[in-house]
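What follows is subunit A paired twice: with subunit B in the first complex and subunit C in the second.
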Partner chain A sequence: MDNTIANFGNLLKIQLKQQKQLDLIIAYGLAALTMTYLSYSLPNLLPGDFVTTMYSNSFVTITAEQEAELRNFYSTDAGFGDYIIRLLKLDWGFSYSSLTPVSSLFFSALPWTLLLMGSANFISIFIGFVTGVEAAWQRDSKTEKTMVSTMTIMEGIPEICTGVILLAIFSLHYQWFPAAGAETAYANHTLIEQFLDVAHHLALPLLSLIFAYLPGNFLMARNSMVMVLKQSYITTARAKGLSALRIRYAHAARNALLPVVTRFCLRLSFMVTGALVVERIHSYPGLGTLLFNAIQARDLPVIQAVVLVSSLMVLAIILSLELLYGIIDPRVTHAH
Partner chain B sequence: MNMKISSLNVIYKNKSHCIHALDKVKLEIKAGECTALIGESGSGKSTLANACLGILPKNTCFSGSIALDNSPLNYCNEETINQFRWKKIALAFQNGAANLNPVQKIIDQVTEPLLIHTDIDKATALKIASQSLNKLGLSPDQLLLFPHQLSGGQLQRVMLTMALILDPEVIILDEPTACLDAITKSLVANVIEENKHKNKAILLITHDLEFAANNSNTIAVLYAGQIMEQLPAKHLLTSPKHPYTMALARSYPATNTARDLGGIKGDFCLRTTHNNHDQPTHRHLTHNKLHGEHNTNHIPIDGCLFHNRCTQELTLCKHQKVKLIPQQDHHIRCLRNGIVNILELKEASKSHDGIVALHKNDLTIKAGEVFSLVGESGSGKSTLAMIAAGILKTDSGKRIFKGKNMDELIKYNYKSLSKQIGFIFQNQSSALSHRFNIFEAIAEPFRIHKITESKEELLVLVKKLLTDVHLPTEEAFLKYYPHQLNQGSLQRVGIARALALKPSFLIADEPTSSLDPSVQAKVVKLLLELQIELGLSMLFITHDIGLARKISDRLGVILQGQLVEIGPASLLFGTPAHPYTKFLIDSAAGLAKIYIDHNQTTTPLKSGCSFSMHCPRAREHCHQLAPQIKLHGERLLACHYPLPDYIKQHQSNLYIKQNISDQDLHSKTLSTIAS
Partner chain C sequence: MHINLRTNFISDPWFLIGASFTTLFCLIALIGPILSPHDPWEMSFDPISPPTIEHILGTNDCGQDIFSELLYSIHNTIFFGLSSGFTTLIFGVAIGLTSGWYGGKIDLFLMRLADILLATPSIMILILAASFFHPSPITLALLLALLMWPTISKVVRANTLILRESLHIKAAKQMGASNWYIIKRHLLPEMYPIYLIGFTSKIRSAVFMEASLAFLGLFDPTRKSLGIMISYSLKYYYLGIWWNWLMPPIICLSVLITATTFLAISLEKVMDPRLKESLGDNLA
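On to the complex of A and B.
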């Protein structure tokens, strides 16, 4: 009897947990839908359009009839439902300026951004976290003090600055690295050669992003680690006679992880806008460059697509962060 | 394995000052025994525990040595000390919620030492861990939870299991019962008992004095980093020798005392000195004495650390260094060699016009205690009070007040004696002169002892006293005459007058018998408050058994001019040994009927026991020969045939002890708790 009640209780608990997660997903879904609707109504809210941009400054004069016809050709207003279906079909319209489907533009730029931003974020989080943990462990030592002050100064230098400096030194002066592009065009490379070529092009933008992200990660990891090391359970771990490495990583760093993960995910969610500056400086053919060019050309379908996808990405990453929290910190799951 | 701690000093360094947490602590924790460490929080108990494992914070200096079976541990090297941590010495931390990793499951944390220190594979380790957790009443589902999902008491048991998991030789339990209910506490007691049988050395750190007294062999009392007293556990609650231990015992709500809780006057002393920045910080402890400069760096407090809160301090206590001096089974750090007797009566007798009021009474009253004297009216209570106060002379016998012969003091220096003894009379309306107003009545002692002559100063002193006893201090009130006041206020005036000269010994002769219960409650509360605040010793004379029960540390029962039973109040009320004591207690509740032996053939002689006529246990020779007062354990008793309850109590304790070692019963209780 007791057993059945207990089982029932457990079942209820699991259901409650699932219900909680379902609620979460529904809420985020609604937010995504709102986002899409905004994106859908965006063109009509903005002053100026492609036709004006194209013909206002040109020597070609067009009649009002022609203008209306052109407008009609470029605008495809067929209701919100239709819009969503087309979105799902990846039929995102034609780019005004390059007259190619937006989706093909988008998907040719996406891998480069993923490569650049992904590797920059992962490398800086890894190095930042490990050095932060080690620095906190050796608190008050000379190494730690130097590291903290250096990182604090580095945190103050914007990526635009590091990007330009790196470009000036390694690309212009020494000419070790290419100044633009993501790979050598029209080259006939073997797989390994291609890999090296991509890495060669990636080096400078990646480096300037790492310089931008690393100090913040380091400082945050160190701070949160310093706080954790003061906790009583670290004393317990010491008393248990564990090795310093185990205390540092299995007990302390595990607890210091939470704020660092939050920062990492927020960084990742602002991938497109984060890459904009660096991609521009290094002329890297990612989403940032795509967005930048589209804005210049008032290429609305492209802007729309990039903005929509990047905002949905923010939502998706925050949702996954919320689910991840429960795993890395069990206290979050049981909080009321 | 024995653990020996010798001359252990621990100093916490801050930027601005140092805190002296432990001062030359010497303690031996023997195998197969449980040593308890008690003291107020901040006295350095947990510091000692942490020092044993070498897990003190970084900015700590320490010197001295900790040895396991005579081989000193080297705390300088983390590698070597890691060999000892948890395997040889394990510590169950105080606060389970803070000391468990919040993101790891309970079972994983308990299993961790097994996986790190032994070759056991994970499956077996998990099995061992869950079995030992089950043993302390944690169900299998709870093992998979995270620390924040369990209650404080459950976490404490997890900490305990974790400490015991490697079966260490030395077990340190830091407040193992702090969050536990009484039933779960007994599980911890079982664990201690079991490990004693396994010949482990246990150090029990606790606030729970009763638990310590019942589960340990010796008890060390720590105050401000110094061991004040080391005593056998059984003496802790009933006969401690150091004033601090007595004050602690009196502050603890033991289950068998009915006395109101008393505190300790003053505030806890934290020893700090300002930091000398030129000194390098030393982080580690080595077994040989190191860093001689410590002694120059650390400015010692000269005298006894407890002197400002003590009930028997002398001027000398402030300045003279005291050492822990061994005395039989006790070790005491006190200049005065433990609690002194403020008053001793030896064979004091008194008769009024041939009628014997007191017959050869021995009585000692200790410094700082409340001693109640109960008995029927006409049994000589008031006579004894007068004799104790030095108002009456004795016919024969000796009186010693604070180590001096009282009779000589009365002869040559009565004023100095009367200044030290305050007396609250039974009937204040007749004790206060009706010609004196309140101001004059209270100011009189100051005038007699020539404290001050000026009216202004007197007014200040009188007002201060009136505030102390919660009376108004307006001019109008000061001009009242005794007959204008009610009984409660008059009694307070009497108390104020008795306390005017800051006596060290207060005698209260039925101070509340004329008051109704609500006023009595107020007056008694006030008296006890002042007793703690001023550190007074008190002789409280009453016929009210219930009241005596609420206020006394020790109790004396007087029967027709003779003390028949004297002992700790909790013992006397719990298990009276003298039939008369029981009779008194029962009568107070209206339960007893006077017993008259109708089969009595021989008339009792004068030399016989005074109670023999009414005593149901009296035998032939009770009527002829009065019993001598003798020491029976903690109490003095004058009876040929003490009550069976008193005898049975000793046996019943044994009976419980046997049950504990009984494994069947043990597992049975566990299973009932588990279900």
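On to the complex of A and C.
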């Protein structure tokens, strides 16, 4: 009898959990729909358009008739439903300024941003987490104090400054690294040469981003690790005679991981804007540069696509983060 | 608050370094425009000349005095940071208190709004606004404040929820105090450490944001700003101007942001007992 009740209870719990997940998915879906609608209605809300930008400061004067015709040529409004279908079919219209499909511009910029942000985040998380765990383990030692001080100072230096200093020293003065681009254009490279070339171009922007992200990751990993090390189960683990390495990583670090993973995902979800400044400094052809150039040229289809896709990406990553929490830390599921 | 708060602060080297540098910068921001030897917009000097006694840091490509430019830039950057930080604080505290104290539907609505804003990259909104509407810097500072309040109001709300259940608030309610009286007399003063911590960290992000926007060229190009100075001087790096034109704004910006970071960390450490556990008394 007790067993059936317990079983029933478990079943209810699982159902509740699924219900909650479904609620989450519905809420995020609604948010995504709202954003799509906002993006759809954006063109009518903004002052100025491509036609004025193109002809207001040129020597060509056009009649009102020609202007209306041009406006007609550049606007393709066929209702919200149509907009969504075209969005799903990756038919995002044509860029005004380069007359290429927006999706091809977008997907040629996306890999570079993914490469830059992905590797910067991954490396800085890895180094930051390991050093943070080690620092917390040797709390109050001289090494730990120096590390915390250095990282706090690094935290204060903005990425504009590190980016510009790295650019000025290593690519403009010594010319060890290229100052712009993501690969040598029209080069006839073998696969290995190609790889080295990409890495060579990636080095400086990657370094500036790692420099910007590392201190935060380190301080956060250290602080949460210090809290975890105070728990009584760590004392138990020690009393059991486990090796220090095992206590550190298998017992303690796993529980210190949650805030770090959150940070990683949030950083990744702000991918487009996160690297914007660094991409501009090093002229790296990623999404940030694409968005910035599009805004300068009032290239609305491109702006719309980048803004919409990146905000949908934010939603998708935060949703998967919510669903992922339960796997990383079962306590979260029980707390609900 | 604690009685020995002052001693705690004075014995904290992070606080001393942070506070002295921020005070210095605020002083420069206040009297900088009076101190500056030349009008920073005057273009009558020899362009790109090395430092002399008359021009401490030399002149730029338009023949403007770099030192005067630097003073005006610090002034502008700090006022952007202060106005944005202060407005964020007001929004954050007002919304956090309302949401925590009244609860119910208001709370639900405000906190969902906060969640939405937290998931919006503010630099994207600012870039869109700056490039399409060409607003004045003060409008941008206010817009930034509208995007930054959620973090403060979440903390304020959480603390209001705790305070609401405490004995003295219940007693005040029992004696027939109005909502407004309790908020003004009890809740508002009791959370002042949170305001200081939030204020400093928001100033930090606002200064950072101003520098990024200026570097990207989204402000009026004649406006004096550290970010604009960096982006202009980078164009002439090959003329060997990096130490008198490129470095001063970079150093000022780094020191300014580092100092506010120190201040924020120190405030958090001394005033938030929960964090004191994890940060330790002897951070240095």
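A few remarks follow.
In this text, the second predicted complex is superposed on the first by the 323 of 336 C-alpha atoms of A that agree within 3 Å, B and C clash if a C-alpha of one lies under 4 Å from a C-alpha of the other, contacts with A are read in each partner's own complex, and residues count from 1 in each chain.
Everything below uses one rule, namely that a contact is a pair of C-beta atoms (placed from the backbone, for glycine too) under 8 Å apart; a residue touches a chain by one contact, two chains touch by 3 or more.
Computed from a prediction, not measured in an experiment: that's the story for all the values here.
Aligning the shared subunit A places subunit B and subunit C next to each other free of steric conflict.
Contacts of A:E65 after superposition on the shared chain: neither subunit B nor subunit C is touched. By the touch criterion defined above, A:G241 lies against subunit B but remains apart from subunit C after alignment on the C-alpha atoms of chain A. When the two complexes are overlaid on their common chain A, residue A:S310 makes contact with subunit C while staying clear of subunit B.
Of the two partner chains placed by superposition, only subunit B is touched by A:Y233; subunit C is not. Touched residues of subunit A, counted separately for subunit B and subunit C, are more numerous for C. For the three-chain overlay built from the shared chain A, the minimum Cα spacing from subunit B to subunit C equals 10 Å.
In the superposition on chain A, no subunit A position is in contact with subunit B in one complex as well as with subunit C in the other. For subunit A in complex with subunit C, the residues that touch the partner chain are 31, 46-48, 139-140, 145, 148-149, 152-153, 155-158, 160-161, 164-165, 167-168, 172-173, 223-224, 226-227, 230, 269-270, 272-274, 276-277, 280-281, 291-292, 295-296, 303, 307, 310-311, 314-315, 318. Looking at the complex, you find that subunit B touches subunit A at residues 50, 53, 55, 78, 81-87, 90-91, 93, 95, 98-104, 112-113, 116-117, 146, 148-149, 162.
Of all the residues in subunit C, the ones that touch subunit A in their complex are 14, 116, 119-121, 123-124, 127-128, 131-133, 208, 211-212, 215-216, 227, 230, 234, 237-238, 242, 246, 250, 253-254, 257-262, 265, 275, 277-280, 282-284.
Listed in rising order, the residues of subunit A touching subunit B in the complex are 231-233, 235-244, 246, 251, 254-255, 328-331, 334.
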